[in-house]
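Next, two complexes with chain A in common: one pairs it with chain B, the other with chain C.
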Partner chain A sequence: MDIADNKQLVKQGAEAKIFKGSFLRKPAMFKERFRKTYRHPILDESITKERMKAEARSLVRCRMLGIHTPAVYSIDFSTRVIIMEDVSEDTQTMRMYIDNVQNSNKNDVLKELKPLMERVGQIIATLHKNSIVHGDLTTSNMLVKLGRDRSTPEVIIIDFGLSYVDGSAEDKGVDLYVLERAFLSTHPNTEELFKTLLQSYRRNYGKGSSEVLNKLEEVRMRGRKRTMVG
Partner chain B sequence: MSVTLELDKSLKVKITLTLFSDVTNSKELRQKLVEGSLQCSIIKPSLVLDTFQLLVAANKAVLSQQQGTLKTKGIYSEILYNLSPSKNITESLKTFGIGENDTSILVLVLNDIDGTKVNSISSVVKGKLASLDTLNMHTNEQEIKKVYKIKEAEQNCGSLLGSLVSRIAVKEIISI
Partner chain C sequence: MTVVIGFEGSANKLGIGIVRDGKVLSNPRVTYITPPGEGFLPRDTAKHHQAHVLDVLEKALLEANVKPSEIDVVCYTKGPGMGAPLVSVAVVARTVAQLWNKPIIGVNHCIGHIEMGRTITGAENPTVLYVSGGNTQVIAYSQKRYRIFGETVDIAVGNCLDRFARVLKLSNDPSPGYNIEQMAKRGKILVPLPYVVKGMDVSFSGLLSYIEDRAESLLGSGQYTKEDLCFSLQETVFAMLVETTERAMAHCGSKEVLIVGGVGCNVRLQDMMEKMAKERGATLFATDERFCIDNGAMIAQAGLEMYLSGQTTKWEETTCTQRFRTDEVEVTWRD
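== the complex of A and B ==
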């Protein structure tokens, strides 16, 4: 696949380049993982292949569970490209969405964002209940679809490049911790908001959620200790 | 009446789709496919939601052919196999390919530059040429959801077409 052809670079990440273009006449996103020259070529190839498989698998598994993810159009290991549906129409990253709400003059930011946080908590609970760990939960890897009906925000989850299945309670706790850190550092004064997310997670996860949330607490303590020493 | 569409540019392959209705000799056509005297994929239109679904399956098949990784005997059976979410080849061809009693069929050929392939196939099909625009009259969404195992939850997130092509794209690395 000739990636440069008629495609526009959207993002140059640490692992991959994201291009916007079209595939078989549909708007599409191309995620091309580049070679890491510091790795042995054969090892690099197999790591890339495993990551691509994990990503494509998780995208489709999540969709089956009722979590909105981009549809997968093609996987080509030889060119290291996953082609997926471009869901950017009427969407915004969660990060921008929250920024906008916080910067608007709305006096009740918490109330405004609550339904969204509850939905995210529910989504992560569904992922975790089905043993899927996302691996890179941030507000940039969630897109908000601005539908006509503003009462039910539609959340699309992307970037499953670090995801895996059969996660332990500890893995899930770390998944939440990564989000918590990313969330609180990107969006100031959102402690209350994040609590809403965790409450929704607990409610939707049901049995087994305490184990994960206890792990989250353990991971937080370790994190704190590290910063105190460091 | 046929429609020709291009696969991914780098592959340099075009597919031509022709829809027939009121077909009376499906049994004979099936026999010819088995013998190898008909070179095409004959697909059940009831399981086709959109031409994009065919494009994704055909694109993947041609990519496999060019990379030497076909899983079935040839490119035309590979397209049928790719359309199916199942890894069982026999079952896939049976589900998506022409059945003895089918009265509408969708014929797919590759690189029919001057129309001779479609012409020679048309000459053995006893039925009416139909416009591809009428494809949706043959589509059976209930059946599609059953074959692709699309449950209630999935129907609330994204399009049905997206769900179908995703399964086609990832079929060998996922089990459903």
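== the complex of A and C ==
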């Protein structure tokens, strides 16, 4: 039985197709992790299952921590679908949001985006303090919800398929490193903005943040110092 | 008409190529091959390059039927790579530039791969997977730089394959990766191996230790063959690479993907990438071993682009560096 009515494809990401539809008469998102034909079927099956579990678990954990993520409605391994709350209304990806601000020729891009960066730093600090490592932090995996008063847009974190629970500073450092490179390569000349994010992370994380940020520095240096032969 | 000569010797291949307006006139190459179970060491590799570089240079000029006076600019690999081999080749490039009285350009090796790939395949603005013995990067162009979106957080994929080949004592001729590829074709059973993807980044060191530790007992159990291990290793590491490349394509909204670097001539990797690309309505561009594997023409081609956009390297700056990141180079030849 297909529990979805009138499913409509809205996006094909790297791993999943996102459909909009309704679930028990509620508007819902259907995230279907379609079969990857390039991958060995056994490998594909195990990766998909692992990621669906990781995603559902982390989404639930985040809501318990008060981090805005889509609520999980249902999960079905046989069709590879997670059904979740539709959060798309009045939202756009952080990536588009930053692009728009950068292209709007406003003189003070930094000032305009600062509160948002502080909010992101705070959210990641909350995740990490609670040992949730997202595993794929990019500006495509953050949604900005535009409120009626545009002063403090809300940030929704999505795509937890690569997430896992880990308390180590190393893994948190790598999590920040992944975001840093995705951020700076996607949005050139935003080093200052990213600093704001890290400062907010440090403030909100509190005790133990130095350890993570030192790890971040260490991971960065690993990249810089790697001898690249061939 | 612009004629460029390129010198490459950053690892165990020594190549000199001559390019005229994007057309490869000659591209001879020799490879320093070590016995099974051994990798190549900087000192011995440098000696190999020193012993062969003049012969290769002569061959390049003869095959291209070009006289030194017809050459417009001399290019060499500035880095990244192994210090001693890099310097051994650079010193020859510097010498001929002085003898022939030509300008000289130090080229980033990774940029060489990208520009050669673009020229040969005609890809316009691809997401690039650069995979070799020393590099594993997912790259896309934006605002005058080749930006690194994803990368290995530890060892390169080619290094992982080479070191696994040493465990199995596979031949290094023509290359360890080629021999793994042939064995993998006969493998059937998938051994579960660690699959480590962090966003657009990958990690291979854990996987390598895992299989290094267990190879003997897996083979001894009689349950798996060497072929199965090669097959499983390829299936796992290539799936990681295709996945991160796809993530970068989704992130950048890209419709083209280009594979470059020595591991890029692996047909199974190309086949997996092709399937991924088709599913997304994108196009795969790949080259064969002539241009995937380190060669001189790629240095000439990147140098040509740099030269035409007005770049040359000041004499005092014609040094080498072991560490030289792809995103350090200002791409003056693209919009």
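Methods note: the second predicted complex is superposed on the first by the 206 of 230 C-alpha atoms of A that agree within 3 Å, B and C clash if a C-alpha of one lies under 4 Å from a C-alpha of the other, contacts with A are read in each partner's own complex, and residues count from 1 in each chain.
Keep this in mind: contacts are C-beta pairs under 8 Å (C-beta built on N, C-alpha and C of every residue); 3 or more make two chains touch, one makes a residue touch a chain.
Treat the numbers as computed from the prediction; the structure is a model and nothing was measured.
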In the overlaid three-chain picture, which partner chain does A:Glu85 touch, first (chain B) or second (chain C), both, or neither? first
In the overlaid three-chain picture, which partner chain does A:Val60 touch, first (chain B) or second (chain C), both, or neither? first
Thinking of the overlay built on chain A, is A:Gly13 touched by chain B (first), by chain C (second), by both, or by neither? second
In this superposition, which partner touches a larger number of chain A residues, chain B or chain C? C
Which partner does A:Arg39 contact after superposing on A: first (chain B), second (chain C), both, neither? second
A:Leu24 in the overlay: touching chain B, chain C, both, or neither? Say first, second, both or neither. first
Which partner chains sit in contact with A:Leu162 here, chain B, chain C, both or neither? Use first/second/both/neither. second
Between chain B (first) and chain C (second), which does A:Val72 come into contact with in this model arrangement: first, second, both, or neither? first
Chain B contact footprint on chain A (complex, rising order): 1-2, 5, 23-26, 53, 56-57, 59-61, 63-76, 78, 85
Flag every residue of chain C that touches chain A in the complex, lowest number first. 10-12, 80-82, 109-110, 132-135, 140, 142-143, 145, 147-151, 153-154, 156, 158, 190, 192, 195, 197-201, 235-236, 239, 242-243, 246-247, 249-252, 261-262, 271-273, 275-276, 279-280, 294, 322-325, 327
What residues on chain A touch chain C, complex-wise? 12-15, 36-40, 42-43, 46-47, 95, 135-138, 140, 162, 174-175, 177-179, 181-182, 184-186, 188, 219, 222-230
Where on chain B does chain A make contact in their complex? 5, 7-10, 52, 55-56, 59-60, 63, 67, 151, 153-154, 156-159, 161-163, 165-167, 169-170, 173-174, 176
